[in-house]
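Below you'll find the structures, each written out as structure tokens.
Consider the two complexes below, in which subunit A is the common component and subunit B and subunit C are the respective partners.
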Partner chain A sequence: MSDVHVRKRGGFIEHTLEGLHAAMERALYAETVASRRGLLQQLDPRVKVAGLLSLVVAVALAAKLWLIGAILALAVTVACLSAIPLRVIAGRAWLGALLFSGMIATPAIFLTPGTPLYGLPITVQGLRTASFLVLRAVSAATLMLALVYTTPWNHVLKALRIFRVPVVFVVILGMTCRYILLLLETAHQMFESRKSRTVNAITPAEQRRLAVAGSGVLLGKTLQMSDEVYLAMRARGFRGEVFLLEDFHMRKLDWLALGTFALLAAFSIWAGR
Partner chain B sequence: MLFELDHLTYSYEGVTAIDDLSLAIPEGSRVALLGANGSGKSTLLRLLDGLMFGQSGVIWFRGEELCEEHLADESFSFPFRRTVGIVFQNPDVQLFNPTVFDEIAFGPLQLRWPKKEIRDHVGEILDRLRIGHLKDRVPHRLSGGEKKRVALASVLVLDPAVLLLDEPASALDPRSHSELVDLLVEWGGGAKSVITATHELGDLEDIADRCFVLDGGRLVAEGQPDEILRNTELLERTNLIHAHRHRHGSGEIHSHAHIHKDAS
Partner chain C sequence: MHIPDGYLSPATCATLYAGCVPFWRMALQRVKKGLHSRQVPLLSLFAAFSFVIMMFNLPLPGGTTGHATGIGLATVVIGPWAAMLAVSVALIVQALFFGDGGVTAIGANCFNMAIAGSLVAYAVYRLIAGRSALASARRVVAAGLAGYVAINVSALLAAVEFGIQPLLYKDAAGTPLYCPYPLSIAIPAMMIGHLTIAGLAELAVSAGVVAFLQRSDLSLLRSTAGKLIDAAQALPPAAARPLRALWAGLAALMVLTPLGILAAGSAWGEWMASDYANPAARAQIAAASFNHGAPQLAPQGLQRLSSVWTAPFARYAPPYIRGVAFGYLLSAMFGVGLIVVAILLLGRFTQNAVRAGPEAV
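Moving on, here comes the complex of A and B:
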């Protein structure tokens, strides 16, 4: 039996299984990066949450493109110094941000009134508006990626609680992380089971039917399992608060980083007016 | 009395899982909840752990009503969660932390034990269940048997006086199954209460001194393990044993209902 023949018979299911496996690996990748040695990994989670969020605020408030570009360059440099490869930043932060903000920003290029650019049906003002939106989205996504990839997820949650983020919000964030993995695991098992019972080629119509039916079953299964996870957490005393074995301690490096973040954010807000 | 159930009924969206159930479980007893799939064993364990509440009837825990209102009060819920631990049938639902060590430390942290005590207890339980080598592993990537051990460790670390086990031997190989039974027999020097939901009859006499047989959410029999095991009519009626064809040493093939005495 040739490889080509095998691929043709199980192509859709195998492709889906590969995709699910890759998604599970991606979901666990952040924990791997968080345990590496790097610039941000050395810092107290509270400093990272406060510092990087303040830069996101500065990006949102900035009215100068060069400043947003400078913060983006800084975010990329810090992320690279924190053992996050550039391809990961591009694939996981920029691609999504570009796609969604680009879809929203593109009409502005054509519809915003102003000076035409080199006789094209786009305006300088439209291009500027779109650039602001896209650059802000890309910069904020890069800063948040740097946070979640260099900090274990439960440390992020505890830091959020220290900053008085409501329990409900933190619980939802924590459970979402676990549910994503559950959803992927359940989907993986479903498609493996389907693969083991598939002997003929799957037509496009059958693929569509399989995807729709699978989605419905998956949603039901995941909801049921999610309930069980929550019960299991409650059974061990969980009441919404986040507790960790590790205590957060501010060292000289953390105070220095906090000061640097504060200065940068203050300067950016002032310069970006 | 540890638990007393008085005409308890619980339904899932119109499907009755526990039907007008009344029973009593004394302190320090080792109880088996027997029944086929869908007989209401797992639901009963969740009700005993205060994770769900019946639509009618009452559960009393050491003389106090086990209800939502009491469990919302920390002065009741803290000692209750410290005293009663549950191990779910599917270990995946119990594993939601980044590492095995964090997973086992989760319960003690929620109950706000001193951190040194947590580290010591987690270390001890890792050694006791021979899973020390897994402590830095991601729980989702363990084998079925390893997950089961970690799930068990995450509850045993709390050293609960009452242990609720839902099909503890499922997904375990024969050796692990046997080790688990030994652990449960020795655990707490016999002073703890262990309530096990199972349809495995092979280890019944080792893990229980009292049995309750459920069928369709109703209590259909109770008694000592040897009494229950002798009642083949009851076991057949509740789908706990079945007749199947097999070969004896003489080469004769015949069918009759019987109990397998090992997990394999």
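Moving on, here comes the complex of A and C:
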């Protein structure tokens, strides 16, 4: 019984801390990889956003497994050429997608009506549909990882302007990304300070109170910070109009890459019908 | 709840993206109208808060854990339109940078959680909270149920989107190309988890944080509260109707006071010292006292004290008023007026004493 208590001690706090730490670490690691020399790092962010998202769409449209597999292989190759280690791709893109989609897809192998496979209680159609689900999830996750690990996040957001996303929305997204890191840090400190004061097992009811009180305090800090940020913006001349500094320049390499992405996406969509 | 890439067909995703656009536009317009230039940092910070709160693991009864999306809480604090934008921004950031939810499914996730969720949460919150006071327990229940219903409606929408995929998108061999589960499986599979674990987490966070705000910063609940019935505002609308009826009744009674003239004699025991010398009055006293005759002389104490104070409206018949009925009416008006003034003064004195109390402490 005491073992159970020992195992559970601080479990909720540690679990939350791990999640917060993982999110911060992901953001910081992305900044590190984006500053390395690599294939995708050389390209204009707009080319990367348009090219890689068009491949994600091609994956979604594809009705052939081999094609999705080919796009996945291409995505892994490009990511590795962009200084993203394979273990990072496996750990951050594949593990979650495989676990989640694998769990969702597994029953489909048995439940989908169709031709039985070698007399087993599974069907060909079930296996194929489960493969579609998992391969698409893994491929899209890899392509997105290649994008956000090789491009500073504010550049990704600025590049969304090519899809006619309103400037105010891009600015809000950019500020959100920045303050997510700050609030993650604040939440991390709150839970860590609580953990440092915990000397005994915390009952589930107490854990719930702790999580709710933490949320309430964070909400108060958020709104207070919002006022402070607004005043700081006003002090710097903000009058309600938002602008973006468009400092991207297309070079020959970017045009070449854009053409390649366009060809690949067009071929994938045509071949995947 | 966050739909990944590959579960919905591109056509479904495009439809839901298109479905989001008018709501986003309307939300931006409404938020601009209400918040002006303050909207940018407020929405950004609240989106960041929604993102972070989704990472809080909440222990639930039964030993499991869940995490809330914060839809109900965001709606209660900043209103449905601002919440719609803030939660959308959080979902977009999650999908783009953290791999939580698919990029092609951003429209679906925003439609289910940010748009439908916020509107449902707001409707439930306002319906249950009514015009209750900001600090009332009813608002805690309303916020909890708003979060619970919102997350379940979002889950139901996602389940329907999943469930229609095998009906619409299959290859020649009958292989479902996207989510393979029909509505009969998708709906129960989604709803069981959300009606229990995820719904409870949402309920606990929404209700718990609103209860927390009621103790720490009540003003944060004001923007979505509508018209309130609280201690400061309740009296004029709530008490006006009964007070009007009271005044009308009082006026009617005052008009009817001359009816008192019709009653013969004095009330038992309310005799004056002079009545003892008046044969007619003595006869009335005897008749009202089971034929026990009154003493010949007025009691000495009564005789002595009756001259201490002479009422200006003695026997409700001021000496300067000729008409008895008018004298009665004037006496009634004067008496009621005195009582009302006395009560108003007393009320004012009491309020001042209450206001001064905490400061004195």
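For the reader, a short list of remarks on this structure follows.
Here, the second predicted complex is superposed on the first by the 181 of 273 C-alpha atoms of A that agree within 3 Å, B and C clash if a C-alpha of one lies under 4 Å from a C-alpha of the other, contacts with A are read in each partner's own complex, and residues count from 1 in each chain.
Quick note on the criterion: a residue touches a chain if its C-beta (ideal position, glycine included) is under 8 Å from a C-beta of that chain, and two chains touch if they have at least 3 such contacts.
Bear in mind the structure is a predicted one, so any value in this text is a computation, not a measurement.
Of the two partner chains placed by superposition, only subunit B is touched by A:31; subunit C is not.
In the overlay built on the shared chain, the residue A:237 is in contact with subunit B alone; subunit C does not reach it. Legend: residue contacts after superposition of the two complexes on their common chain; A:154 is shown touching subunit B, with no touch to subunit C.
Greater residue coverage of subunit A by touch, when subunit B is weighed against subunit C, goes to C. Contacts of A:61 after superposition on the shared chain: subunit C is touched, whereas subunit B is not.
Legend: residue contacts after superposition of the two complexes on their common chain; A:95 is shown touching neither subunit B nor subunit C. Of the two partner chains placed around the shared chain by superposition, subunit C is the only one that A:171 touches, whereas subunit B remains out of contact. When the two structures are aligned on the shared chain, A:182 is found in touch with subunit B and with subunit C. On subunit A, the patch touched by subunit B and the patch touched by subunit C overlap at residues 153, 178, 182, 225, 229, 233-234, 238-239.
Of all residues in subunit C, those touching subunit A in their complex are 4-7, 9-10, 13, 28, 36-38, 40-49, 51-53, 55-61, 63, 65, 70, 73, 77, 85, 89-90, 92-93, 96-99, 102-104, 171, 173-181, 185, 204-205, 208-209, 211-213, 216-217, 220. Taken together, the subunit A residues at the contact with subunit B in this complex read 28, 31, 152-154, 178, 181-182, 185, 225, 228-229, 231-239, 241, 243-245, 247. Residues of subunit B touching subunit A in their complex: 46, 49, 51-52, 74, 77-78, 81-82, 85-86, 88, 90, 92-94, 96-98, 102, 105-107, 109-112, 115, 118-119, 138, 140, 154-155, 158. By the touch criterion stated above, subunit A contacts subunit C in their complex at residues 12, 15-16, 19-20, 23, 26-27, 30, 53, 56-57, 59-61, 63, 92-93, 96-97, 100-101, 104-105, 107-108, 111-115, 124-126, 128-130, 132-133, 135-137, 139-141, 144-145, 148, 153, 156, 166, 168-169, 171-173, 175-180, 182-184, 187, 204, 207-209, 211-216, 218-220, 222-223, 225-226, 229-230, 233-234, 238-240, 242.
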